[in-house]
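Report on the structure given below.
Chains here go by letter, A, B, C, D and E, matching the order in which they are written, and residues are numbered from 1 within each.
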Amino acid sequence: MFCLRTHDLAKCRSKFNFINIVILLAGIMCSSAVWSDVLFDQSIDKLLGKNFKSVTQGVELLAQSDDERAEQVLQILLAGDLYRLKKEKRLVTIKEEKGKGYLVTDVLESGKIYEVSSKRKIKRVAINNKLRTKIKAAIAQIQLTDKDPGKRSAAVISLFDVVDDNQIVLFEKMYEQEKNEKVRSLIASGIAIGNLKTGSVVEKIAAIKKLEDSLEPSVRNALQATVDSDNDKSVVAAATKALGKIDQKIDNYALMETLFFGLSLGSVLVLAAIGLAITFGVMGVINMAHGELIMLGAYTTYVIQLIMPNNIGASLFVAVPAAFLVSGLVGVAIERGVIRHLYGRPLETLLATFGLSLILQQAVRTVFSPLNRSVETPDWMSGALEINPVFSITYNRLYIIIFCLIVFAMLFFVLKKTTLGLKVRAVSQNRAMARAMGVRSEWVDALTFGLGSGVAGVAGVALSQLTNVGPNLGQAYIIDSFMVVVFGGVGNLWGTLVAGMSLGVANKVLEPVSGAVLAKILVLIFIILFIQKKPRGLFPQKGRGAEG
Amino acid sequence: MHSDKQLFDRKSQLFLLVLAIVTVAVLALNILVPEGNPLHISTYTVTLLGKYLTFALLAIAVDLIWGYMGILSLGHGAFFALGGYAMGMYLMRQIGDRGVYGDPILPDFMVFLDWKELPWFWHGFDMFWFAMLMVVLVPGILAFIFGWLAFRSRVTGVYLSIITQAMTYALMLAFYRNEMGFGGNNGLTDFKDILGFSLQENSTRLTLFVLSALFLALGYIACRYIVTSKLGRVCMAIRDAEDRTRFIGYRVDKVKLWVFVFSAALAGIAGALYVPQVGIINPNEFSPLNSIELVVWVAIGGRATLYGAVIGAIAVNYAKSYFTVAMPEVWLFALGGLFVLGTLYLPKGIAGIMKRKEAVA
Amino acid sequence: MLTIENLNQFYGESHTLWDLNLHVEEGKCTVLMGRNGVGKTTLLSCIMGLLPIKSGSAQFMGQSLFDHSAEKRASMGIGYVPQGRQIFPAMTVEENLQIGLSARQDKLKKIPDYIYELFPVLKEMINRRGGDLSGGQQQQLAIGRALVVDPKLLILDEPTEGIQPNVVQEIGDIICKLNRETGLTVLLVEQKLPFARKVADNFCIMERGKNVATGDISELSEELIKEYLTV
Amino acid sequence: ADDTIKVGILHSLSGTMAISETTLKDTMLMLIEEQNAKGGVLGKKLEPVVVDPASNWPLFAEKGRELIDKEDVSAIFGCWTSVSRKSVLPVVEELNSLLFYPVQYEGEESSKNVFYTGAAPNQQAIPAVDYLMNDLGVKRWVLAGTDYVYPRTTNKILEAYLKSKGVKEEDIMINYTPFGHSDWQSIVSDVKKFGSAGKKTAVVSTINGDANVPFYKELGNQGISSEQIPVVAFSVGEEELSGIDTKPLVGHLAAWNYFMSVEEESNEEFIDSWQSYIKNQDRVTNDPMEAHYIGFNMWVEAVEKAGTTDPSVVQDAIIGVAVPNLTGGISTMLPNHHVTKPVLIGEIQDDGQFQVVWQTTGNVAGDAWSDFLPGSKDIISDWRAPLSCGNYNVKTAKCSGQNF
Amino acid sequence: MVPQADSRLDIKNGCMLYVEDVSVSFDGFKAINNLNLYIDEGELRCIIGPNGAGKTTMMDIITGKTKPDTGSAYFGQKINLLEMSEPEIAQAGIGRKFQKPTVFEEQSVFDNLELAMAGPRGVLPTLFSKLNGEQRDHIEQVMVQIGLQDHSMARSGALSHGQKQWLEIGMLLMQNPKLLLVDEPVAGMTHQEMDRTAELLTSLAGKHSVIVVEHDMDFVRSIAKKVTVLHQGSVLAEGSMDQIQSNPRVKEVYLGE
């Protein structure tokens, strides 16, 4: 069945030579004739060549060869798994690491395994952009007949930019066979795009009508081209109107996108700041090492991934509690070792923790090297949820927003619904009296500082998915964190949430207008002016007690 | 206790005396003792000391408002940098047509970004007196506007600290922008001469050193005058009970504003002395971390003792100079450790030890 | 119940309490008197463990008090109403009271109703921040808060300061009631003689960090008052 | 101290630049050790003097002076950022010492005492753009950079260059971000929109160091692949890649004068000795390291040639010195104190290495003064007598601003 | 010494302070409710009332700490207190002693008194001000008056509660205002000290107007001519001590038996 359809397709003349490849690949699969051993051997020779040109030629030859192994080789090549053994001149794939070298499998004679002693004895066969484009395009073409309607849709869309008469014919044929409504509609759009270019005035206007609901960039480009160059006034008018309608929609989605960007930036700010909202906001410790506690969380993620390299997807779920523990324990150590000698001298905590932040940074440099460390993004956090062609939501950001809200909710619960929250506040408002009421202030301090630090570590896990994991990670967030806590109103968790989110959105609203740098400056000036209006932040602590 | 109210109490006399002796001694050891003699102090060292002295002046400015008035400014580096930029602009204009592009008016960085004329705010900086006026006016006016807004609306405590930090951070980002017209991240550099004296001459360097010492002494005396005056006691009253001070009739906002402006101008002067000695001013001086660090100097030296601020600035910077050579790989541990142990064991700073000794004696 | 012997305390260089002795009888109400600045508050702070002491010993219900940390002393059964009230200003009235719960032996999770019965105003103001209360309301809150820990010994430092007269009477009645009916031992610092006479069983007068006179309240003579309480 | 020759190493070991510069310090230590193993220079051992300017620009000047004045070094190898070089430059000029600067930079400078062994814009940016234009058929350009002098200047040059090639204003989008920018959502979304107009689009990135990781991650997440909109970067090398999850980067490009993946005997040797020196088989090499390699060898040869380490003599002797580079060619020190180098375009692979996809046929001579900036197209640099000038204006026949 | 009263202070018809129809509420709670209060020149007025009646809040309004929601407050005929900041009001001649003693803890007793001393308050005058002998004597004299002559150089933070009360009264004396607001001056004082305070306050009356808030009835009785009873933010009763003491409402809400 598969072959048949491929043949059908192949009968349609196409100017794209990758279709030739498809024809040939199809041929290889359908006929058992082996007539190009020579071609195949030549192509393998070329693939073994050192420079890029040679490999390109190899691929081209391979495409023409109908050796059964050719497709497999192409697939491996595309995946970037094809290596050559430098001395032996064999094509291999890596089976497993062994000591300083590898065990490798011969690609052409499966089952044959070599051992290489050094990593530099084998060399990956290069592919580049152009070649990758070629191979991928061929695959896309194959996928026009894929079982998965999603893949079929994508394949159709990929042809939008190049619709011509031939393609229209092809589309029309596909349209008849296609069962899936969504794909059918897409194909219809494709036909409409074609008509827009070459059809009669009536056809064009009908096409415009059909297209005015589409948000595909290629549709928009086609309409734009019509507006720019069509001779018929009525067509231009209709196209202009359709364009206006599309642009209107795009603008609306752009607004939603800005909001999403803002909230996602906001949730990063909140995550970074929320631990500080406890150690600084509630306990009154001006913790300059907060950023480094975040950094430790990020490094914990890195270490966890080192420990479980085959489970990157799950590693984050391990990393969150691990980072909480690591940063939390370091926090407890800082509290027990330094901060506790400084209660009642809040400004001194700034100095000591500033020193600690230098030490922690340098410690990380010493242990992990000054270079950034590579933290992988699990598959479930990559990519985007495509809502429509102009609006998609990236998964990593989406999860981080959700994560931020969960962390916030848990913290809120701990501070508001357990006696710990009560005790912390009592201790921070009047240490001596709290002790006289039987509150174990030392224990409360250590626990709270540990909690705030642990949360910083958890933020580090999230940040490791967005940015560099390096010794400077903490410094990049410390100032913003203080800004958020203070802007929100010291001692108010809600304030931190609202402040972070609103600063995020403000930044993202400004950015397209003013550029990233000015946007940041403007937000800072806004904070300065805002504090004049509300000298105790968004959610000030009210009442007689707060004034002193 | 009463001596605290004397302008030149014993410690101040001692401080000024030491400063004068060191200055003269350094000069003598540089000029009179021949090179190669172990006692010779190289011009390199003199300039290094000069830099420390400008930091000390900056530290005094911070101590005045933090130690005595309780305003923790985490943005004082900005005033220092602005003073430095004003001086830098003068020095840039002095280059004249000796720049690499030979443009008689435009500094090099403007030429290669294809600017056609000098931005308006660069005018006048070819005149020394104007530039020197700007050294105090620009930080002063910024401090005035900022302080007027903040103190009037009673922004206090960490809120004030954080918005001063926001101020210096915003300025840093702004000065990094090439469009601002201050040379972007490369800043202003490659200065040639000041008032016609080559910056590479020994004598110019020594003069700058002496000027730094002189201004440090003057700054010290001025601050000392303030803190021993009744105004100083008002400042301390504000630090300890701001509301109460209002209820006995003092305009807290005005007192804060003027002392803040004075302190900013002092920081500006320090910046202006710093730039010709180190040869460069760039936006990194606005970095919030710099401002935090200079608060640390004051704390290590001893808050609310002016001479303590001087000692702190010099001690920390000397430690930095020393550690970076002696243990380049681990000096941050040493410095960080110094800050931590300093706060833990010297709650009153280095000046605290001296006080304690005195009390025992 | 509480016996203090040879207590010495310093504020930095200044010797504030000198070889001080104090005995508080179980089930009785003892009033501590003396002029401003003689060290009454200081003594109470030492008992609560909020100030470091130089030397001395204290027995509380058979245990050596100074061996325990300040936070332990609350759960040993000492309730403290400090001078100046020391309310947690940013916490609500209810939260101020709840703080004492964890020091209770019986692990009660709810504020006992009798506190609100003793001080109805606290019920009215239950959600207001402690710092917003008027001075007198705060004083009542402070007493209520001390009672929440279910103390065996209640220490009050000038509890009637700033309280309206009828409430002063009430507080007096409450102290008496607690003292006589529940057997709560009370150590009270008080300047107002009538009040002291009304509630106290024993007195103790301090002068410059030493105690100079003790006895049954009926023995508190005019001479003693003239000598130690007049300026 | 007469039996050794001191060499100053002026790279930040702490602060923001430590991430890049620490490696260069180690490279220098290795090169010096190897040279000593070969018998040193002029029969004397070399003695490295390491200081830490701590990513603090004024400190570069101070430490530079210390190296020259107090330590009496014969040459300094150091700096990364342009501002750090600008900071020490007056010092090396005043004290007439030598500075070897190994990093690509914006050009517009030629000092008597500085030797620029990294790429000038014409040795990196322009060839990269040529490649995109000619080989990938790029028609629409995003010039994205960190807001500082190097990207600003490079983009200015590129803008002029692109316009000279007939690219229209509306097909160029320029965007600047602050240092360490980490939230790229809006910008990447804008790039995506800009690139969806039906013309092949590419990003030319002068984005600095730390901002790159989040940038590429965002590209990947928003579904922009290297085939759709390739990014060619000038500040992303092997060292940077070693700290990145390279999955989202595969297929994007970088332009340098050296890649670790270049298969050359000399390069393999260099990699071997580096990895054994640093005791880590996973450590990578990069372009600035090669620049130090070239610069150091040039200095050694010039010193041998001159028979002295006296900087004023070495300055003259080094011009014309040619040493092998690590990509199989020979680099020569030009009279303008820049060097000749090949330009290579590499594609990022998922192992963190670059695959060379294009390279210039021969060496490109580094140009101190860009031909595409109006202020400097008439300026040339030639430190040989009789001109002896770093910025000679051929129109006015004047050499301005020299202190000598 | 001449009080540093505002030249605009116009007390021609003998009335020093007008508080009319003032209301203020906090989060919906009416702390002051349509309060009216008039104080004559040289009068000594006692204000009593249950805890939370709004006495301290009333002082907050007069001294500018709290802005009322409605109503007016005038100092003399012309000076509108509601338009002025705290320092302006203080400079106009209203001094206050707080319920919870607040002194400048880091400074000596002497310095506390010097700071409070009447005189110019501007930045430059304070910068250049020098104490003359007369002023110094004045300070010494007040120190004797408040019994802290032996603590002249002591850090005021190290004083006991009662000593701080005295110091605050001393500061008020130094300020020499036209109108004194004294919130619970004898809290924490012994009986005898109380008598001294009573003496002091009565001696001040006449030259100054004095408002005293106190819960100690013996004390109030010993000084009061006219007493105002506040209850739930408004005046419940006003009159002589005897009248007040026999007022059943006052007995019920305040005095008890």
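General remarks:
The definition used in the following text is that contacts are C-beta pairs under 8 Å (C-beta built on N, C-alpha and C of every residue); 3 or more make two chains touch, one makes a residue touch a chain.
Here is each chain with its UniProt name: A = Urea ABC transporter permease subunit UrtB; B = Urea ABC transporter permease subunit UrtC; C = Urea ABC transporter ATP-binding subunit UrtE; E = Urea ABC transporter ATP-binding protein UrtD.
From a predicted model like this one, the values you see are computed outputs, not experimental measurements.
Between subunit A and subunit D, the least number of touching-chain steps is 1. Of all chains shown, the one whose average CA position lies nearest the global CA mean is B.
As a whole-number value, the distance joining the C-alpha centres of subunit B and subunit C reads 53 Å. Chain centres here are Cα means. That of subunit A falls 63 Å from that of subunit C. Rounded to a whole number, the gap between the C-alpha centres of subunit C and subunit D is 75 angstrom.
Chain centres here are Cα averages; for subunit C and subunit E they lie 30 Å apart. Counting only residues that touch two or more partner chains, subunit C has 132.
Counting partners per residue, subunit D has 13-14, 147, 176, 178 as the residues that reach two or more other chains.
Counting partners per residue, subunit A has 362, 475, 517, 520, 542-543 as the residues that reach two or more other chains. Subunit B contributes residues 1-2, 225-226, 229-231, 233-234, 236-237, 239-241, 243-252, 254-255, 258 to its touches with subunit E in the complex.
The touching residues of subunit B, when paired with subunit A in their complex, are 72, 146, 149-150, 152-156, 158-159, 162-163, 165-167, 169-170, 173-174, 176-177, 243, 288-289, 292-293, 295-296, 299-300, 329-330, 332-333, 335-340, 342-344, 347.
Note for the complex: subunit C touches subunit A at residues 48-50, 69-75, 80, 82, 86, 88-91, 95, 98-103, 129-132, 145, 149. Of all the residues in subunit E, the ones that touch subunit C in their complex are 26, 29, 48-53, 55-56, 99-100, 147, 158-163, 166, 184, 187-193, 196, 215-217, 253-257.
Residues 42, 44, 47-48, 51, 95, 97-102, 108-109, 111-114, 173, 176-178, 183-187, 189-192, 200, 278-280, 282, 284, 320-321, 324-325, 328-329, 331-332 of subunit B touch subunit D in their complex.
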